[in-house]
Structure formats: structure tokens, C-alpha cells
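Presented sequentially are two complexes of chain A, the first with chain B as partner and the second with chain C.
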Partner chain A sequence: MFALGNLLLVIVATVLFAVLAPIAGCLLAGLDRIISARMQGRVGPPLLQPYYDVRKLLAKEDVSVSGVDGVYMTCALVFTAFAGGIFFAGDNLLMSAFIITMASLFFIMAAYSSRSPFAELGAGRETLQVMAYEPMVLLMAVCFFMAAHTFMVDGVLDLERPIIATTLPAFLGFLFILTIKLRKSPFDIAMSHHAHQEIVRGTITEMSGRTLAKVEVMHWCENILFLGWVAMFFVWSNPASIVLAVIVALAIWFLEIFIDNNFARVKWQTMLNSSWLVALVFGGVNVIFLAFV
Partner chain B sequence: MELLLFLIVFPLVAAAVLLAVRDDRARDAIVWATAAIVAVASIVLAVRFFGQGWTGFAFSSAIVDTIAIAVGALIAIVVMVYGVKYRNVAAIVLAAVQLVSDLIFEFAFAHQMEVPVGLYVDQLSVIMALIIGIIGSGICVYAMGYMKDYQAHRPEGEKDRRPAFFALMVLFLSAMFVIVFSNNLVWMFTGWEVTTLCSFLLIGFTRTDEAIRNAFRQIIMNMIGGLGFLAAMYFSVIWLNTMSLSEFILFGLRHPELIALPLCALSLAGITKAAQMPFHTWLLGAMVAPTPTSALLHSSTMVKAGVFLLIKLAPLYTICFAASQMVILVGGITFMLCSFMAISQTNAKRVLAYSTIANLGLIVACAGVGTPEAIWAAVLLMVFHAAAKSLLFLCVGTAEHHIGSRDIESMDLLFERMPRLARLMMVGIMGMFIAPFGMLIAKWATLVSFVENGQLVLVMLLAFGSAATFMFWAKWLGKLAGIAGQQEDVELSVHRSEWASMGLMAFVAVAACVLLPLLSNALIEPYIVSVYGQLGRDIPLDDLWLSAVLALFTAAVFIGGLRPSKQKQGPVYLSGVTVDSGERVYRNSLSNDEKATARNLYLAAYFSEGRFKPVGEVLCAAVIVFAFVASGIVPPVL
Partner chain C sequence: MGYSSKSPWVIHYDASSCNGCDIEVLAALCPGFDVERFGIINTGDPKHADIFLVTGSVNERNIDIIKQIYDQMVEPKVVVACGICACSGGIFHDCYNVIGGVDKAIPVDVYAPGCAVRPEAIIDAVVQGIAVLDQKAEALKAMKKGA
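This part shows the complex of A and B:
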């Protein structure tokens, strides 16, 4: 059956993603720390520091407050892997977007399960973050569909020109909420990578050892997936375009680090208002534009 | 055909028997038996008509016509009696108008009313029959245990009115079968009005002031819709000279200009029954009723009759612009605004009510778009909503009886206090809104069809509405997920019938998700093909398998995998000296013991009802009025 062949392809891609994305994501995270340090006038840790951190976490004593957060985080990891697999197999973009949201949901539940006041606050904020970026993600997918005439990611390989030619507003809108998705300042309100947040470490306050390691790995995978979404805007039937797309994705990633280091964290009200406004204006304008062109 | 008649008549007989039986054990036996027989009969029906297109049955009888009209008149009289008793003028006036129109109809057009093919089955009816027969009966089973607890909580010496309650529940099923099998509009209308009356009586069952008030709100709104239905029947019989639903649709496809107004009137009937804005308040009010009633109204009956009618009429919406825009906009606006308002609710039943209305809004909007993809999505949404929503209502009802509150904040630690129930509730919530469960696929087809048809406003409404959906479900899930120390297990006293019923719903919800590809293949696609002659393009049939795999995984985790591990248990961090980790008590800066508490976000400043309700009501009412005016201006060619 044709359908089952597709399913097999996605599963193979998922396994590959689960192996390769953490490696690439880990290197990016190491690079992130070095670049951030240079921006702050420090030398920074070695490139492989994120890997050493996770390896150390895995060796820690297995302690948990709720006893189930590890299971939730495993689910979150599995769903992240599937979202990546679906995307990089060239399958359905909407499906990938929905499944990565599912991963966020499991992450949120892991935080809630500890019943720590700090983690609960963080989890509440995390749901706000999801609500803030979701409209723009959906509209980005809609614009993709209208530009490529399919939700299938590999559809871009048949195009004469990259979809960015007609989806610039949606791309800019997506960049705006990408900062939330990458958990970068000014939108790192649920859980900050820097140790200066008023709610301790928010969502991950009560996570330690293996569970925290899973959070880190999930974060690496997410970063790769989202950079993949960025790259998708710049690919067309010309094989060389993939190189261009990778370069653009890395440039965007550098931009995100720059923003992270130069903006103070905002309140959730500002995040929600601004990201919905961006979705309405940039997403809306682009959808209307595509409908009449 | 015998099977159809059996499904209609058997619950009717059972209802009559239940009304007479006063003994608890005898009633239990009858309800069990009725539920089982109806469920089996609906499955037999599905097997018997597997994969067949529209099958009509020559069945007409002047006596049945007269009975149908008489029942309609009787309903109007009953409403008038209640209206007089509780001094409700609006209800009396509406009932009087209905009574008069009903009788005029009988005497003026009786000779034209004959419809040779009175009954029919197609795959949509089969799906509806399965929903009514399995989920509806399951709720009746649940009601047995629930109503025992309910009766136990009533003041001593109060009259036991449970026989009437069960009779109404079962009668409801019969009326629903009438609606989904009747090709004769008069019969369908009778079933339509019976469901309205049944829900009136069920909502007002507790006879508190609030219940009476809400019951009247329900009957007034639905009688407005009923008058819309009647008006459409008048149009149909005068202009088109037919009382057959299928002929009405066929005629409409050839002469869209002629049916513009009746289509609007019928759509209004569907919109009121499906509790769309500005008529949504009746469904919110309905939750004062005992929980099985809410479950029945929300999942398998009543509101589903509304969307059933709209889906049935869907082919007409592709050619009638005004009616189509009316249905689409009302549905879309309702979806977004009700999702917003659900965020600010703490009452679990109210969250469920808003989410029902929002979801129905999505189905209504799909029906209004009317393309094959949209209808595919609409039917799927309907199936998933029926299973997941009934499960959730039953869970909330049981939780309410055992923890004494229906407030979501009180469901803290439910995961340990009522472990099985909390897991079932989680499955229900997952089934309601999340990838990779069915909703995702349905939403996606919705997006495709909206985009393909240039429904740009609707795309925006969907984008923001779904984001809100995530918020209110996720924070509820989070509340359930909390785990702290050893809690007392309070679910041991849950009735067996309640477990049986909730287990059935959970099974149906999970099975529908896991068997999604087969469901689509065996039931929904044949319906689409039989109506449109082709399947819509871009329906993601391939990815159904993927979603099935993920659904299976998630269900396995929630039902089987979530046990506290053997990990060492650590204390919770409370920025100071923790006194009691399980209770979250810490020593504060004044050396006093203090308990740390956290509440969910309800964002009242953003998503309050006061802010969105008036907007939605005005917008939707304006859309409806505008559509009627626009359709009325088109001169009917006689």
C-alpha cells in the first residue's frame, strides 16, 4: 500500500533525525555559548560544553519530585523526533507543526506534575507562549500552502522559485515568534537559560538528572527543526539552493543570538499582544496577498 | 427498513415502560437491556448498509403524517401549559404561533404532504445512528449510577422522579433516530421538536429557579429555530410542491435562486439547535441539569441534530451564496470567540460547554463551505467530538460527586485521588484537541478547504481560535497531572455502571483515533462520494496511518505507562526551609509555616465573557439578518 510506504519513510527519517539532530543541535548550542560569551566580552566554554553538561546530568543520582516527569519528557522527546522526521522526510508541514506542539504539551505536563509553585508558574507561562506563537505558525503554514500549493514540504523541490518570493511578510512574522520557540530573550519568560529569572528556573525547576538531560536534548532537536523551517523558505528546484538555505538559516540563528543578548525579558502581556498583532498583520497581509495574486 | 423502524419504535416502547416502572432494580435491568439492544441494532444497521449509497424506502402513511402533526401540536400545547404555569409570555406566544402554523399546515396542505419515500439510509445516517446508538445509550447506562447518587443527595421525602428522567433520556434517542432516517420533512420536524421538548424537560428537571429559567431560554431559542424549520416547510410545499428532503436538495441544486430563502430558514434551525452565537446561551444554561443530560445534549443528541441537518444541506451551500456565508461566518466567529471565553472559565462544565459550542462552530463552518474536503472534516469532527466530549462530561460528573466540586482548581491532585478517572479525563482532553488524534486531521482538512475556497476570514478565525483552544485544555491537563505524596483514593465508591460507561466512551474515543484510516475509508469516504461523486483533493489520507500510530502510542502512555517510578523522591523546592514537601509548606521569613499555592492563569482581563459575548452576539445576529434580507431580495421565480 502506498500509504504504508509513506509511513515507513517517515519512521526511517524520524530515527535518523533522532540520531543526527542532537549531534548538530549540541554543536550549535556550544557555538551559541561561545558567540554569546564573545558578545559579552568573555572567552566562553569549549565547543563541546553542552555535551559534557548532558553527560554529567546522565550520571547524576536519579531523583524526582513527582516520579512521572521522566515519562512525560520521554513522550516529549519522541514527539519532537517525529515532528523532525516528518519535516525532513518532506512530509506534511502542518503535521510537523502540530506534533511539535504536542511535544510542548508533554513538557508542560512534566512541569505541572511536580506541583512546585515555580514550575507551575513556568508551565502556565509556557502555555501562554504556545498560545502566543500558534496563530503565526498556523498562518505560516497556510501561506506555505498557498505559495507551494501543497502542505508537503518536498513540494518546494518542484518550484521554479523559492516561496520566500511571495511569503516575505509571513517569513518576517515567523522570525518574530521564532524567538519564543527558541526560548530566547526577550521571550524566555517560562524558563530562561540564564540564571537570573524571578521564578527560579520556571518549568524545569524540579527537573534533574536524566529528566533534565532529556529537556536539553529536546531543545537541541527543536532548534534544528525550527532552523529547518527557516531554510524551507529558500529552497527551490535548483539543488544549489539547499546550500543557500543552510547559510540563511545559520544567519537567522546568529541574529537570534544577537537578539538574545541585547534585549531584556518582557512581561507576558507584551509577548501575547505583540505576537498576536504580528500574526494578524503580517500573516493576514500575506494571506490576502497570496489570495489575490 | 424494519431495522429503521425498530430503532425508532423500540426506544419509544422502552420509554413508556420506564415511565411506569418505579422499582430501582427493574429499571436498571430495562436500561441495561435497552442500551445494549439499541447499540447492537445500530451496529447491525452499519454492517447491513456497509458502503451503500443513499437507499430510500417506500414508506408513507397518512396516519403517520397525522400523528406527526398531532405530536407537533401536542408539544406546542405542553409548552404553553408550562408557559402559563411559570408565567413566561415569550414561550406562550412562540408556542401559539407554532400551534397555529402547525394546524394550518395540516388542513391546507395535507393532501400534498405525501412523500412516497418516507425513510432512507445513507452513510451519514449510519454514522449518526452509531453515535446515537452507542454513545447515547452509553450515557443512559451511566445515568443509572449517577442518578442513584443524585437521589441520595436529595432532601428526604421528595418524590422520586427518576422514572420520568429515564423515559425522557430514552425518548430522546428515538427522536434522534427519527431525525436521521426521515426523508419526509414533516416527520423530521416532529423528531426535531420532540428533542427540543425533551431537553426542555431535562434541563428543568431539578426545578430550581435557575433550572426553570434556563429551560425556558432553551425552549424559546429552539422554538425560534423550529419556526425557521416550519417556514422552510411552507416554502417547500408551496413553491416546490414537495415534502421530501432529498427532492428539496435535488431541486435546490437545479434552481438555487428558488430555495435561497427556505435554505436560510432551515440553516437558522440548524444554527439554533447547534447552539451557535447568538443562540449559544441555551447550551451554557443546560449544564444546570444532572450531568447525564449535559452529556447527552452535548455529545450524541440535540446539538448533533443541528449539525446533521447542516451537513445534509451542505451541497446547497456551494451554490447559494447568502446562506453559505451566513453559516460559515456564524460558525467561524462562534468558534473563535467561544474558544477565547473558555480560557477565562474555572467551572469545568462551563469550559466543556464553551468548547462544545466552539467545536460545533467549526463543524458548522465546514458544512457552510460545503466542499468534499470540508464535509469530510465536518463528519470527522462530529465523530471525535461525540466520543471525547461525552467521556469528559461523564468524568466531570463523577468527579463532582466524589470531590464535591466542578471547579477545575479543585481538581488539583486528581491524578492521585482518583487515578483511573484522571487518566480517563486526560484521554478525553487529548481526544478533544490534540495532534495526533483525530482533531488535528480534521482541522487540517478544514484549513485546506478554507484556503482553497478563499475563505480568508475563516482562516484567521481558525488560527487564533485554535491557539486559544490549546491554552484552556493544556492548563486543565496540567491541573490533573499534579502528583504529591500519598493521597487518599476517593474513587472506590464510583458505581460500576459509571465505570462501564466511561470505559466504553474512552474505548470509542481511542478506537476512533487509532482506526481513523479505516473509519475514513469505510464510512466517510463512501458518503462523500455518494453525495459529490468524487473525493476532495488534498485530503491527507496517507498521513492518517501516521496519526494512528502516534495515537496508539499516546493512548498506551496515558492508560498504561504513567505510574510513579521507583526513582528516589526529592523534596519540592520552596526557596527556603521546606517543612512538608507533599503539602508544599515552607518556613517563611518570619519563621511562620506557610503553604505555597499556585493557581492557573485565567486571563480574565483578556478573555472575559463580558468582553466577547456582546461582540459575538451582535456580529452573528447581524450576519443572519443580512443573509435573510439578501436571500429575500432575490425574486422567487414562480
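This part shows the complex of A and C:
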């Protein structure tokens, strides 16, 4: 299972992911802003606006207050790329899920390191978000294992039908927490994309310039990875299914933008309770179903 | 044009404005004028902002706040005084508590007079501010290379 060939494949995939995911993620983020603007009756920025933003941030003066937040964010970026590499190399799904959580933890530590009350509040809320989505992510992986009889993502390529055929509840549950993972409203409690909120910018309040640019790039990569997880449900031995999976992932992306634009933020209690309830009901029902089928 | 001019994020502070200019600043962000077309975003965080829009005159109570917001902003940065009160104190210039325009507290790059300042004037001022921002970005780059 941990053959040298696999390891090499993961490393190559990690490098490729680190190069390609920011490009695709940047375009998606630009599209997100245009679609959001259209939903609000505006024209919106150019497609490459997220790229311009990051280029500008890279040119800003370095005024980091902690001295280590930049290092933590670099770690978060590296772990995000690694999680993406593991997933897109067709390797262990569970490992990918754990490594991306590791990236979240580094992001949280970067926020805590500034000692700013707003950033600390944001970091606390980000921790709650991790607590909220992690049970469902694990149950999703368990359902994946029970349906595909392996944790290896490339296992879906040997199946005669996509795993969505037996994991629909887990998929729906995953869609629910996907909104938290993509940091979209109603669950963007740790750092909203909009000005005038009670904790300034939450986790990223004290981050500026280069460090903030790293946060942006990390979000692009995360988005691609999570859409990859969505796509995974729709792939089976037929090569044409990959096209279907990409279309479904893009449709889900559009749905997330729609939700983002139409829902107000909830309190953290509602987020935690609802996501654990969803994990228990949708994930639990699916596990029981798969155990008896 | 550098990248600074393609993504000027603004932060807005209401010094002691009557809210006329503030409403116009927000109007510029709404669908009618939609300044996000030019990459302009209204941020609530001075550390993320490139352009500081101040409305209203400076008085004894808010001069420290204006200075603090300005100091927290990261170079390169530009200040735009929006409305006649922010430019010179306006009709409040001889009030006992009013010190004057924003330039009494921090260096101002662009003045946009008006009562209330029109969204078109704000957009024009920001566009002029963008040119200053680009110059400052170039200067910072040259300084970094020299260092």
C-alpha cells in the first residue's frame, strides 16, 4: 500500500496540484465574484480580479505583528498542496482529509499568533468550524470505504457504478458541511468576505501583504480539492464519467454561490448543532444502510 | 499600470460627517455605480486597505482615531478627503471643537469637495488616488531594491 511508486506519484501530484490548483482556483474565485455581482444586480470585477488582488498584496510592505504568522501560513499552504496531491494521485481519501485539517490548524495558529482580540475570536470560531465539519467528513470517508471497499480514491475507477448510488445521504450531508469548508455564508462566522462585521475580518484581521496573499492562494487550492471530493462521488469505471463529475462539481459550486448570496450568517451554536445533527442523521443512516446491504 | 491600481481596496471612516457623504460613498459601492468593476472593495480592516476615504471634519475627539487608522494601513497607501468638510472643515470650520479638514491630522493625497460629495466625484477622486498609489508602489519597489 505504501509502495515507493505510490509515494513518487503523490509527490508528483503534489507538485502538479501546487501549480495547477491556484490557476483553476483563481479563475473559479473570479467567476464566483462575477456571478455574485450579477445576483446582486451589479456588473462585477474582471475575471482575473483575484489574481490582481494577490499580485498587489505581494507588493505591499511587510508589517507582520507576530513574525511567525507568515511561516504558519506557508505550512498551511504546503499541507493544502499535499492534501490535494494525495487526493488527485488517487491515494488515501482519509489521509487527504486529515492533512487538509492539518492545514486548517496551521491557519488557526497563524491567527492566534497575532494576539489580536479580533484574530483570536476568529481563530476560536475557525476551531468551532473545524469541530462542526469534521464528523461529517469522517463519516463521508467511512461511507466511501464501505461503498468502494477501499480508502484509495482510485478505487472508484474499478467500480461498475458511481458510489453516489449507495452514498446519497452521505453526499447530501457532505454538501451541508461543504458550505462551512468553503467559508461561505451562512457559515462564514470566522472570516466573512464582507466589510462591517463585528470581528473586523476575524482570522485574517492582523494579516496583510504576503501573508494575506498566502491565505487567498490557500483558499483557491482548498476549493479545488473540495470540488474534487464532490466529483469523486460521480466517477466509476466509464472514462466519460469524469466529464459528468466535473459538470456536477461546477453545478455544486454554483449552488454554493447561490446559498452564499441568499442566506444571512447563523450563530455558531446553530452551525455546530445543525452540522452534527446532519452528520448523525445523514452519515449515520448511510453507514447503517451500507452495513446491511 | 501596476497591480496596485487594479485592486485598490478602500476603508471608509466617518469623522464627524452629517452622513450625507457616507451615504454617497456607500452609493458608489451599490449597483448603480458598482465600483467593484474596477476591483474596488470596501474593507473593514485598515491592514487590508490601500485607500482611506474620510468623510467629515476633524475634531478633538476623532483626530487620534484618524491617525491610528492611517498608521495601521500598510504602504503604499493613499488618503482621499471626501466632501467639503473633510477637505477644509466646510460650514463647520469655525465651530469651537472643529480643528479643520483631514489634512490637519494626516497627509491627504486627493481632495473631493462637494456637499454632499457626488458618487461620480468620489470615483474620480479614487481614480486620481490610484495614480498616486501607483507612484508610491513604484517608489516602495525602488526602495526595496536599493535596500
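Following the convention adopted for this analysis, the second predicted complex is superposed on the first by the 290 of 293 C-alpha atoms of A that agree within 3 Å, B and C clash if a C-alpha of one lies under 4 Å from a C-alpha of the other, contacts with A are read in each partner's own complex, and residues count from 1 in each chain.
Criterion: a residue touches a chain if its C-beta (ideal position, glycine included) is under 8 Å from a C-beta of that chain, and two chains touch if they have at least 3 such contacts.
If you're wondering where the values come from, they're calculated on a predicted model, not measured in any experiment.
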| item | value |
| --- | --- |
| Touched partner set for A:M95, first chain B, second chain C, both or neither | first |
| Partner chain(s) touched by A:I86 [first = chain B, second = chain C, both, neither] | first |
| Larger contact residue set on chain A - chain B or chain C | B |
| Touched partner set for A:A37, first chain B, second chain C, both or neither | second |
| Contacts of A:Y112 with chain B and chain C, given as first, second, both or neither | first |
| Partner chain(s) touched by A:M207 [first = chain B, second = chain C, both, neither] | second |
| Partner chain(s) touched by A:G124 [first = chain B, second = chain C, both, neither] | first |
| Touched partner set for A:G283, first chain B, second chain C, both or neither | first |
| First, second, both or neither for A:L16, with chain B first and chain C second | neither |
| Which of chain B and chain C A:L168 touches, first, second, both or neither | neither |
| Common interface positions of chain A, toward chain B and toward chain C | 61, 63, 200, 205-206, 208 |
| Residue ranges of chain B in contact with chain A within the complex | 412-413, 415, 434-436, 440, 444, 447-448, 451, 454, 456, 459-460, 462-464, 466-468, 470-471, 474-475, 477-479, 481-484, 517, 538, 540-547, 549-550, 553-554, 557, 561-565, 567-575, 581, 584, 596-598, 600-601, 606 |
| Chain A - residues contacting chain C, complex | 33, 37, 40-46, 49, 52-53, 55-56, 59-61, 63, 195-197, 200-201, 204-209, 212 |
| Chain B-touching residues of chain A, taken from the complex the two chains share | 2-4, 6-7, 10, 61-68, 70-72, 75, 78-79, 82, 86, 91-92, 94-95, 98-99, 101-102, 105, 108-109, 111-118, 120-121, 123-124, 127-128, 130-132, 134-135, 138-139, 141-142, 145-146, 150-151, 200, 205-206, 208, 272, 276, 279-280, 283-284, 287-288, 291 |
| Chain A-touching residues of chain C, taken from the complex the two chains share | 2-4, 6-7, 9, 30-31, 34, 36-39, 41-45, 47-48, 50, 74-76, 137, 140-141 |
